[in-house]
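Pasting the structures in now, so scroll down.
Both complexes shown next keep subunit A, but they swap its partner, so subunit B is in the first and subunit C is in the second.
Here is the complex of A and B:
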């Protein structure tokens, strides 16, 4: 027994200090950076989420409340609405942008003439800051002076839609703006995926008599599945955190029609000054996202297994 | 002036200086007064002020320029959009040493900063400092009573008002005169005018700001004697929505905001109301006083010279209760004494009567009653300056408690829901009443 313990200690020492230990030590700076810039802020967030924080006499006073924030969550009339709106928003934009991005990528990858121009035009929305996009669309949606209403009235429409002022239409209006903004992101990833498919595979399919649709169905889609899943995963994470566009477009209204979770956290933190509860909500969102990511990874594995 | 003037363009600055110069040129006495006063100011170290980028900023910048010219004391400005002011101020006052010598704090953030203990009491900077009697109190906005946790006349002075923004009632004077209509003093008269003048979609009778609701709506609940919360004589607090007048205020607000408004009434912000009024599509509106100079700007308005302003109507003429939305200039506690003193020196200079006159003519909103009274006959700014002067006795500032942001949030949310019929007016009132009661009780207040 004593012999075994001695051996294990020697193994441990030789791994840390022996030949070939450099690869372990080389990771140390990364580990330090990770702890300082990732782990410590998360630990700070966890600590805040179980506390009530307040500035008193120039000092930040923290009182431990444990799971007391759950009471605040139960009393919060907006958190549930915001979460529901966020889920509807995420599901809608991810599906629409994936399908649109894929179709655009297939179409443009087949184009020989003006391909560079098409690619440049499609990615323009991605280059515009979200606040500018929100302002631009807000002006176009404006019921009294906006472009859309003016065109519809000129076309003889007597009651043009109220866009962001109609509680039944406001979330759809916001989704349209997001699709306009982010489809180019999906397009870029999809295009890279399509262009990485070896050309002989597609040529072989065509030699075998496959139509364009069949080639997409039986060659491009299966080959692209991992890329599509990664793109959807990234887009889901980003869409869950949507804030600036909605802040400028509707500020969460009318009523609570476009209230999303990031905006609610912002209000709790910056307008209500409830630092602890805002941290708690942030952790809840992070947990929700973690479940989403786990689901995507599981789905990704299943798809890969089925595709062999 | 330092180049850190944010997104305030050179053209804006030249306009502001031009306007100020014109005002000064027309009044040699005023000019000599400023010079004379400036000679009394000792050399100060350079200071940096955090100031918000708003319609009245050109007037503030012009005064900074004049201060530097007159005294040789340098001021740097960090000009920041309104949404960024809170975080910049919070970061500055919590730092080891503040980067700003003076910070402009909007009324809605007063409870947070005054209650935090992160600001330097003015008496600690200048033991002889007193607030000039002519500076409007705005509900003791300068003072914080730390025993009561609210602004109060016995409180410590923590800031000095530098912008006297309040709510005004604006109307199309040309239309009113053509139709023989007197400016309204009551909500009933407002409704009658909306009905008489409204010709949608070319001219709307009235519209309310919805995004957010709590500020303008406050003038309604206060007028109906249903303030969100009120400190009673016995020391307990009452919740206005628990009184029957609360529902009356809500119904009045909904009616005036919906029945004569554009169809997108549920999505109207301050900019929308300004655009509707400036483009001649609105007969009357209740909105922020600082908007007034915009209506005379021919670049953005077609109603210049046709506008009138007066006190915001109420349920009765005597119960008119316009809200305040002013700014105070404060000094972080984490400052060396000489920097805080230099910051206060500028604030004292800015709030003298003569400099407040110049301030108004440069497009800013003064804080002195004697300034408004003197400007009331001015051919350019008199139409709105007189409305400010007239409003002072009726001003009804929000009760500023550390819990006020939570109360505002409840009101904004429930009223926004009622506005688009997500919930009924009765449900909105019941929910606001229970939520505000819970907020107050959870914070340890005795609620009657």
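Here is the complex of A and C:
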């Protein structure tokens, strides 16, 4: 027994300070960051969401309310609207961006001379600040002096649409901006997928006299199906984050027409200043996303295994 | 692969239209930023370009882009540096130093979770912490949040680079009597330097464009970054189109520079989390 303890003690010591200790020391800073800044906040969310929090004279006062935040959720009609808007937004952008991204990838994979130009230009929307994207589009959407209005009036349209100011059009306007912003992301994943199809397969199809459309339908699409599926799942997860452009374009309005989950939590936090309720909503989003991301990781692993 | 000339032209024509759709809003914002209010109102295509809007946002009384730019530079470069150091050390350890599978796998899965979680989830706890630690409304609070947000990208991107380094190299170094960290510093790190640079640049750009935390953890220009400044323009001075456009263009500069340097590494970093095709 004594022998055993000593051995494990030595083992422990050599792990920390011995020749192989670099492995641990190199990983340690990351582990510290992850535990302090990602694990603790989630635990704190649990604690916060069973409390009512308030700043009194700059001091944080916390009162235990148990499951009281559930009542607040029941009394909050906007939460449901935000969820519905988010779902509509996510489904629309994922479907549109999958189609546009796929077409773009097929097209660009077949270019040679200008391929570099296309690829560099296409990644621009992924790199510029979403806030700037929102500003760009709000200038173009602007009813008085915006580009779209100017063009439509030139064309003789008497009452051009109000875009982001029209409750029926606001969500669609936001979706258009998102398609401009995120199609490139789907394009990049799809292009990698197309490039991994063995060229002889495509050549064989073309030698056999298949038209381009048929080659796409019978060779590229079936080979790409797993990639497309995984890309759609990933984009779905990322689309739930949407916040910046909506903040700039509409701030969730007009009314609640473009109120999405992140926007709603932000308003509960910063305008209504209900920290406990904001934490409760955040925790629910986190739990939902945990399940969804776990499903994504499982699905992508299955797909990867099937690909070989 | 044989293509008819006609279909080739049609293909490139439609792709040039896509290029136009992507570049046009950027062009539009540059154009608007050089217009005076009168030119904006008249909506005319031809006008005399003026830099008045840029002068106004940097030196005018209504805005403080000089301070915001300083904050953005401090935040983004600190975040790139911290993520570069912590990320490459951890990535090397995870990719190369024979951790048990569940350790390496567990850390990577956790990083992916963090990457995919809507950032709003962390806003309330970070807000309370920043206030408790006395760093609310300083660049330090924003740096803290951005380091966490970008860590998954930093680690996973670097793990891919380290995995490509031939094992013989580090074995040779260790046989030559190098300690592991010397082998890392003297042999491995120089090899992955282009990847490390790409990662740091990408983290810089991602931190530069981040909005939600910069907004939630600050309240004055002491801590605010450029994206928050632009959003304020939109909200407070809803009609100062020229200044909004000028601010937005300043915010885009790092991204546009990066596109000129665009390379394989950066494109890989943009789709972290996707399975390899």
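Everything below uses one rule, namely that the second predicted complex is superposed on the first by the 244 of 308 C-alpha atoms of A that agree within 3 Å, B and C clash if a C-alpha of one lies under 4 Å from a C-alpha of the other, contacts with A are read in each partner's own complex, and residues count from 1 in each chain.
Criterion: a contact is a pair of C-beta atoms (placed from the backbone, for glycine too) under 8 Å apart; a residue touches a chain by one contact, two chains touch by 3 or more.
Note that the structure is a prediction, hence the values are computed from the model and not measured.
Of the two partner chains placed by superposition, A:52 touches none, neither subunit B nor subunit C. Looking at the shared chain after the overlay, A:145 reaches both subunit B and subunit C.
When the two complexes are overlaid on their common chain A, residue A:270 makes contact with subunit B and with subunit C alike.
Ranked by how many residues of subunit A each touches, subunit B and subunit C are led by C. Looking at the shared chain after the overlay, A:128 reaches subunit C, while subunit B stays out of its contact range. In the superposed model, A:256 makes contact with subunit B only, not with subunit C.
Residue contacts after overlaying the shared chain place A:165 against subunit B, while subunit C stays out of touching range. Of the two partner chains placed by superposition, A:76 touches none, neither subunit B nor subunit C. Judged by the document's definition of touching, subunit A residues 60, 142, 145, 251, 270 lie at the interface with subunit B and also at the interface with subunit C.
Those residues of subunit B lying in contact with subunit A across their complex are 86-87, 94, 112, 115-118, 210-212, 262-267, 269, 272, 275-276, 279, 281, 333, 402, 405-406, 408-409, 413, 416-417, 419-420, 422, 431, 435, 438.
The residues of subunit A lying in touch with subunit B in their complex are 55-60, 75, 77-78, 142-145, 162-167, 170, 250-251, 253-257, 267, 270-274.
Interface residues of subunit C, counted against subunit A in their complex, comprise 1-3, 7, 11-12, 14-15, 18-19, 21-23, 25-26, 28-29, 32, 40-41, 43, 85-87, 89-90, 92-94, 97-99, 107, 109-114, 116-128, 131-132, 144, 147-148, 151, 155, 179-181, 184, 205, 208-209, 211-212, 215-216, 226-228, 230-231, 233-235, 241, 244-245, 247-249, 251-252, 254-256, 258-260, 262, 266-267, 270-271, 273-277.
Interface residues of subunit A, counted against subunit C in their complex, comprise 19-20, 22-27, 29-31, 33-34, 37-38, 40-42, 44-45, 48, 60, 104, 107-108, 110-111, 114, 117-140, 142, 145, 147, 150, 180, 185, 188-189, 192-196, 202-203, 206, 212, 227, 230-231, 234, 237-238, 240-241, 243-244, 247-248, 251, 261-262, 265-266, 269-270, 275, 278-279, 282-283, 285-286, 289-290, 293, 296-297, 300, 303-304.
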